[in-house]
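Please see the structure below; I have some questions.
Note that the chains are named A, B and C in the order they appear, and that numbering of residues resets to 1 at the start of each chain.
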């Protein structure tokens, strides 16, 4: 009874709470939330469809007949696709190692070396970021043909490294710039040579960002098909190129299974990359993807 | 003050002894110069080259490929590509703005998770996503079936094999590039600015146009460029979502290199594409320069 | 006392484009001293320190450590260590590994490293934190790690670049005392850069006051405070009442005011325009001694600040003196003067310095 005994006191309080709420403009924006929900639904729908029909017991892409793993089994027994998977993994590993190695060094050099050569290199590095992949693809293909290098897995690796260096450099560059230069000086003060200072102090400080971008590069290269499409030979083509051909010339449902596996793999890797900086006690890295 | 600023700026420089850093920079720079710059130059050179009887490219100076670009068949494709890319930019802006706005301002402690939920799948396999999207948009796909069920479409409504389908594909492919910079701009935006706007201008609509929109203009401009660049060069969307009447410049380039085997013409088309993109980039840079100059004033 | 100075700067300059950060500096720092480079930001004190440490090459002159010319040696070849302003700890290493970094570089055996690191951490009272990561420590603790990391190498000279600047006032006072104690204990020459004159006065054996790339005055804290040789030093070290007038017959006459009694100063001829300085706490307001020439002025402002009261007294039009009085003088509040009253005051002539 005591709870409802003072209506005169609660009414003004409620009133003021309501005006405060109105003043702060915190009413739930129903239209905005509806649009956002619809956006998320459409964003995930294609992914869900591919995943769902990869488990379809029938060949249909429109009617789900029942759960089955037959397309995954088909993939596992498809020697050509498995060989392509191997090619893709090899390309991704090499591109990851090469671009992280070159990119980290380039980022260090670009931040620390303020010469004309440095600013020129900084400009060149931005080119792939503003060039559509089809242009880089065409250009790489022409270069290899011009140099007389037959197109193969090897040429895909070279092209992917070229494209990925920019990415690693952009991400690492901001990390290098954020480093305290006194730390390197401290190492030299304590008896380290310049190179030892870089190796013992600077590189460990860049490790989280380097690891994260390595994982990300692996995923991006594994998924990439435009560059691979233009620079691959006929030796087991990368998986993404196979998928491209399959999608263009009539779909076998096996592709749904491969696609689902690839999506799951790259989503896991990208999420891992975002999570890596946290493992080192730093704030997480959405900026890895936006390059800011 | 001048002395102080000067000394603290140059101070870093003198222990770093530039030489070692040049060695760090050199391999990557040489690699980029060798593979990237050289290859782009090669495209330009080949655009004025010729082919022999077997269709193999020959170097030389022959403007026939460049002249061929004036052919109405190609100018039509270029115009269509431009139209598609620009429409894609506009639609992406219209979609991305409310989504980014909602997450940045109302996402609360879930906003990072929400934005990650958008970004992560977008960076996952482009091809598989586009393929899934084409299934969704197909005549028997879930979208048209749902629309038919609620009476918004009839049996004759098609999305695939139309301009609408291609643009839908481009939007789906690249809308994330609009969301990221817009979200960054909106998150940086001080909420008290919006509240002050409410006091000054009253209604939320006026506040939006006078306060929020101008404050996020740079994010939107960056997003437009980031969407325009890949949309202009895309050939997958037109292939999966369009028909023969919807081909874009990317499809032409692909065709000249793989089916038509006319490399000089393919190179000339590639250069044309780069030219269009360069004009777009310059426009963007001039715009942001002007914005910065105004901000400084 | 060792005859060879621990550090000698011989005509050292650092020139950037068209300006000098340090201009033709000659400086001897005696072994075992706590030596402070004091000055406002941009005066060249940090640049000087960095040239001693080897992080910056002088454009002219030479740097000598214990008599040996090290001008062209890199930092890792000099027997000096630095405590950086940002501490510059290695975040990926634990506290013990941070401290042991220098010894490991030198190839000291592991067991000895462990022993010396342990001793050093005990000295800076961080024995319990050996396994922690620097990131998890407080500002004061990080500062101690930086100190230990430098001192464990037993350098001939320890360079400290405003090491206390990032700490809050209370911790700063505490660290000043600790730092001085540690310095006495290890007997290493400290070269300490600071912009805080209190810090320099309380800790140093000698102070060099720097201004615009030059040393204005170098001496003991008492020297610098009691006998500033330039107007800059007088005003930078604590508060000073600076006045200008004309020197005549051992007095300085203000343009529109009385003659001021000043200390004896040779080499100045009558009629020279000079500036004089008198510290607020050297002005007497009562119990004058014989030999003091009394002056009078009007109280313009009374500022009470606990143990002391500051009066602003107008001596002549446009000439206002700040006068500090211990609050023992007038025990009761109502005895203090208030604005508008005319008062008498005086100082010992030797406390009013004629500056060059």
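As a working rule, contacts are C-beta pairs under 8 Å (C-beta built on N, C-alpha and C of every residue); 3 or more make two chains touch, one makes a residue touch a chain.
All values reported here derive from a predicted model rather than from experimental measurement.
Participant: Taking each chain's centre as the mean of its Cα atoms, which chain lies farthest from chain B?
Facilitator: If we average the C-alpha coordinates per chain, C ends up farthest from chain B.
Participant: Could you name the chain whose CA centroid falls nearest to the centroid of all protein CA atoms?
Facilitator: A
Participant: Chain pair with the most contact pairs?
Facilitator: Most contacting pair of chains: A-B.
Participant: At what distance in angstrom does the C-alpha mean of chain C lie from that of chain A?
Facilitator: 54
Participant: What is the distance in Å between the mean C-alpha positions of chain B and chain C?
Facilitator: Taking the mean C-alpha position of each chain, the two centres sit 58 Å apart.
Participant: Distance-wise, how many Å sit between the C-alpha centres of chain A and chain B, to the nearest whole number?
Facilitator: Averaging C-alpha atoms per chain gives centres 16 Å apart.
Participant: Residues touching two or more other chains, restricted to chain B: which are they?
Facilitator: Only 15 qualify.
Participant: Two or more other chains touching the same residue: where does that happen in chain A?
Facilitator: 185, 188, 194
Participant: Where in chain C do residues touch two or more other chains at once?
Facilitator: Chain C, residues with two or more chain partners: 55, 75.
Participant: Show me the residue ranges of chain A that touch chain C in the complex, using the header's touch definition.
Facilitator: Of all residues in chain A, those touching chain C are 180, 182-183, 185-194, 196, 200-201, 204-205, 207, 281.
Participant: If we count contacts the way the header does, which residues on chain B are in touch with chain A in the complex?
Facilitator: These residues of chain B touch chain A: 12-13, 15-18, 20-29, 31-33, 35-40, 42-43, 46, 57, 95, 98-99, 101-103, 106, 112, 115-133, 135-136, 138, 140-143, 172, 180-181, 184, 194-195, 198, 204, 229-230, 232-236, 239-240, 250, 253-254, 257, 263, 266-267, 270, 273-274, 277, 281.
Participant: What residues on chain A touch chain B, complex-wise?
Facilitator: Answer in residue numbers: 23-25, 28-29, 31-33, 35-36, 39-40, 42-47, 49-50, 53, 61-62, 102-103, 105-106, 108-110, 112-115, 117-118, 120-121, 124-125, 127-128, 130-136, 138-143, 145-146, 158-159, 161-162, 165-166, 169, 181, 185, 188, 194-195, 198, 216, 219-220, 223, 225, 230, 240, 243-244, 247-248, 251, 255, 259-260, 262-263, 266-267, 270-271, 274, 284, 286, 289-290, 292.
Participant: In their shared complex, at which residues does chain C touch chain A?
Facilitator: Spelled out, the residues of chain C in touch with chain A are 53, 55, 74-76, 80-82, 84-86, 88-92, 101-102, 105-106, 135, 149-150, 153.
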